[in-house]
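Residue numbering begins at 1 within each chain, and the chains themselves are lettered A, B, C, D, E, F, G and H in the order written.
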């Protein structure tokens, strides 16, 4: 996927994206300390004259329902490219808070919302890259991994339908999980340490180019 | 297992036991907020005239190797009964820090040390209850669960050999995991929220009596 | 008293109930560290598949007059079962702040308000359990204990009149006070340490069942 | 009891005396915020040219056993007059920590130690005023009040035996308890608010004169 | 000046009165640590059955202009007796901030405002005691002392005119300054240490009686 | 330069290396947030089965004189490979603290010390990579840049003499400075933001391989 | 430039002026710790009877665009003399944040705004002193220094056009840079340590007189 | 008094000198925020090529007795010039702590100690400047001012006797007190705000030259 010189890219997502970014929108020193900041640094090192401007609009704890509510603010950032990674909390809440079913987002609502948001980006002529959600668990029959894979399939399906770019972040982690136990990457199998964020950043660097 | 009136019981262990206890030895308001404090409260409610004195000597991060080093201090507490739950970090470090093999404790060292400590308690005429380590993971073929089970078997074997009491804490959690996903009990599958500590306390209350 | 599966129970009360709960309503990790959190943990251990959802709506310092003012918020929580323990501050303020008589709540106002609130719960078809207030003082002729007992009698009378469940928390503490001096349970004879909260939680566990 | 101009008086005691004094010895702005500071201020207002120098050597939590251990430091302050109020913790620990009998001080040890310390002050030609311990509880048959009265009797007896001054602080509080409930004076019946400290200071002002 | 049983007295003033009181109105444990709290304690010790209720409405930095602006709130406290000590900042700002003449309050404005406030208290049938401002400086020809004395004369004049009680606080300090250097009482000659506050409290205790 | 599987590499240096690492030696989550941590993450992503263990032994403010003093501790880490980047402070102190000439390290002392340390590593059979110091200033005739280049030449010369690896970090920054002003990379031209650290990490990743 | 006795001077500027001043306007002890406070102190020492009142209205990060927005508040301070030093951030943002061109202020906008503000001061009959922006870099061909010089020329031109006073702060620093390296004066070549602020204060003292 | 290029000057004194300096010896950014730092900045601005190195060795609360005890450390600083301003606390303690006569230093001890220290500096060939103590009180018959003047006379006498430089700091303040009330310069008449420190710094600048 090609990124125009001196254009903007906004990253929308949950705590994986947020990572302590500045408010209202993270930029430059306010990108936080996750994959967004690492991608920004890698890109500047590799393409020092390109002039890409990276914005971080992640919010810890967000589901796609929350992203949908603040969609207007995301659009207002006027970024030519939108990168969206959402869905981990949509699934996680169904497992760690089963007593509060209103906190998770069921698959059909997730599908419809993502479809609507992606279509909206097309209408607005924004370049789009969808990142699947992931779960740092190698066992594909584990219930939460199985459900996360279904949400990831939805992301890939919608990306294909609208012809936008897609990054399979689960695959990025699965490659590492061949030789690493989940605890090497994250205490809670969700929030990666620097290695996991670097893996995401380098995968993005492969997927995007000037 | 019978506990004599007005006697002392000392709990030795890792962060599951520690839970913010006071130093040098936790007692009364200094028992922390884990299973030791909950057991103490339950016992006082059930047996208000018994007069058991509960001591907490847990240290976050400890393996059996660390417990062995501070064994003298534990003995000096002069408790008539010793409860020992150790081994989680012995196993965990082998999975989350494979690059530092010196941090974990291999099964044979674990076995020999636990055997030596248990024998020492017998020599000193201290009543003893060994608690197995546990892992909040229902899948018995998951590598860390499988290894934890082997360490738990060692505990049960040594308890049987010396004829001391034993509490299978893995069984306590397995009973809950039938209907709960691990995330309901603990974010990192190791440090339980109050429900898990209460399960341990109530199991201890069943295992001990005046 | 029977609690329906997957239903909600809201605890309304004063600082004994509050214990550092989250705002606006305490739930899950936000239940505080008092009897409500301990009851929640005990219930989950004993009935792991029942799915009761526990809410904490205690406010430190509240009298029944304050509870009456925030009654609408309590009702809005939509809990099928309401547990109400109020009255300690209504009495206490008459003894520690005699210069500010407006702070306490006299017996007749207490009676009328509790009657009205209980009737309202009946009209709304909410299952109800009234908990008496308590004072950790064994001498029944001590003036504040004598008054607290009169308030407790009102609670029991109203519970009987409307046929709702009632837990005599004074009795729970009186049982412990047979062998313990008040200072073992609480420095100020009002705010119990963990033993007192556990006594309340276990008494509730006896009073409620799936 | 007469106090010489430009002489020193040292107050030795527990938390009632300590009240946040400076270390190693409280003086001037470091007298804390209890009866010692209030007495100092009252004395300066009443006798502005007298030049008494007030020292505070109270330590929170102390029993007479602790006072005995730091007796040398107290003597080293070279105060011509010594005021000693100790015994509350000696009794209290027997009621709030019955599981740790080593924390309280039994009556005979209290008696022997106080006798020895008082005799020592006589040998050293230090003017002495003994203050009884107190308990803010009007019911003389309450167990802790009854025991505190016995300790107070010991203080009065020893003062009489050695012919030194004595201030009955229990009587100071009993006079207030005629019309005040204990909660007006102290939440825990031991640590008074300003009114109680002022009562002690004014009683001292009556007992001592230039 | 006689104070009715179970009536209220409100103290209005500047930082000397404020001394860290609670907001919105200081009462009981919220009286701060200045002369108001000491007077309250002395009164309770001397007249334990009288039931006076003491309110603190001092605000650090206030001049009479500020007091006039918050007069409505003071009146709303419904205290039967009003004690007013104001004027120190009115004078002080003319000496430490000569570049900002708008901060001080000139004598004529001070006079007119105090006259108006005192008359208003008479109309409202509030018992009134006016306290003069003071300056802890023995040299009456020192410029700020000379000016403070003129403001104090205004207070005494208005008190005489309306026949209300008056306490000459400058006299209270002058008595101490006979034998003490100003530094013994206050580093900045304005904010007294405990001795000065106690002198004010005891003078008030002499001036008021049940 | 080839790195053996499951071997250790220790980074020794100044604040550029330190970046908030843990004490006594940074490892895993304690690598800080500079180029060492980024290199570690990149390496793990690229070579997940290699098992390199990265140690951070940087100390903010160090010159080669300080490194020489703690050389024993560095050696004791038993790392098979040593990466050394030192010299920035040796030069900087000569410019920002000219009044304290003892703080900087002159070129001849720098040369002799680096020669000695490098030889020592050879004797001990440690693989070695020397990193030149750098200055984020594009103007080579600027006095501090000119001096830094001379120190860098010494590093390259010694590396050549002993046949060890060398990374020219000045070149890494010079490549970025072609299109970036120094302020884009660092406020003080010395401590880079993430982009500069990433440039160092990626250059190291190119220089080292399994 | 002559300053009238007992008049006011307001300093408007960016972080160099701000230096931790009080809000809403810094005065007296609230002047911060930069050149404004030092000038105030020097002036008072040299002209102790003059009575100049110094106000600080600097805001860290401000460009002339920000100053223009808060111009009304600056005018409302009613200072007879206005000292304005602005422009450093207008230039700096073009070098450290080239990706956000909206943050800097181009030369023409700077020129027009400064012209308008200066004219406005003339209309309002405020005495005016314009201070050029500066950059602590001796190399006049360095790109940011070159640009800063052009902004400084604009300031000097406008001051000449309207016949108001002008202080060339760049010259003040250039004089020091003859013998000092920029690092002696400031880590980031913008925010001077005390020496630089003192140089500004003394230059102002030369430029202004009673 | 002439100061050699690239030599050192150490300032020894009390809190006026200390002003938050770094430990063990303040230098550069660690000079604190008093007259020492201001003198350092003024000197650098006026004589940028001179290279004087300024050390701050003031200790809050010190009397000449304390200075004498740490004399060895002061000498070890190897400064070619020693500036000593001590005596304020020697006098002050006699007025604010008359109950602790051991805290002040009587005139004869002050005289003998200062004589001994000054002679020692002569023996060691250190250039010396003695600064008198001061008191920000214009009334020369005020008791503390009168005593401070006597101590100042001692300083001037010893300076004359040994032929070393002397700065009359009392005169510096007296000049300001002609038109300023003490409160404009210091709340407590001892610790000046910036104006007073600047007056000292400028007076030093007049007294010393390259």
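One rule holds for everything that comes next: contacts are C-beta pairs under 8 Å (C-beta built on N, C-alpha and C of every residue); 3 or more make two chains touch, one makes a residue touch a chain.
Given the structure is predicted, the values throughout are model-derived calculations rather than measurements.
Novice: Can you give the shortest number of steps from subunit D to subunit H, where adjacent chains in the path must touch?
Specialist: 1
Novice: If I rank E-H and B-C by number of C-beta contact pairs, which comes first?
Specialist: Between the two chain pairs, B-C has more contacting C-beta pairs.
Novice: Since subunit A and subunit F are copies that touch, just let me know if over half of their interface numbering is common to both, same, or not, different.
Specialist: same
Novice: Roughly how many whole angstrom separate the Cα centroids of subunit F and subunit H?
Specialist: Going by mean C-alpha positions, subunit F sits 46 Å from subunit H.
Novice: Indicate the whole-number Å distance between the mean C-alpha point of subunit A and the mean C-alpha point of subunit C.
Specialist: Chain centres of subunit A and subunit C, defined by C-alpha means, are spaced 46 Å apart.
Novice: Averaging over Cα atoms per chain, report the distance between subunit C and subunit D in Å.
Specialist: About 40 Å separates the centre of subunit C from that of subunit D.
Novice: Where the CA atoms of subunit A average out and where those of subunit E average out, how many Å apart are those spots?
Specialist: 65
Novice: Where in subunit C do residues touch at least two different other chains?
Specialist: Residues 97-98, 180 of subunit C touch two or more partner chains.
Novice: Taking the top-of-page definition of touch, could you list the pairs of chains it picks out?
Specialist: The complete list of chain pairs in contact reads A-B, A-C, A-F, A-G, B-C, B-D, B-F, C-D, C-E, D-E, D-H, E-G, E-H, F-G, F-H, G-H.
Novice: Which residues of subunit B touch subunit F in their complex?
Specialist: Where subunit B meets subunit F, its residues are 97-100.
Novice: Give every residue of subunit B touching subunit C within the complex, in rising order.
Specialist: Residues of subunit B touching subunit C: 29, 33, 37-38, 40-42, 44-45, 48-49, 175-176, 178-180, 193-195, 197-199, 202.
Novice: Quick one: which bits of subunit C touch subunit A in the complex? Just the residue numbers, please.
Specialist: Spelled out, the residues of subunit C in touch with subunit A are 6, 27-28, 51, 53.
Novice: Residue numbers of subunit F touching subunit G in their complex, please.
Specialist: Residues 92, 95-98, 139, 142-144, 180-181, 183-184, 187-188.
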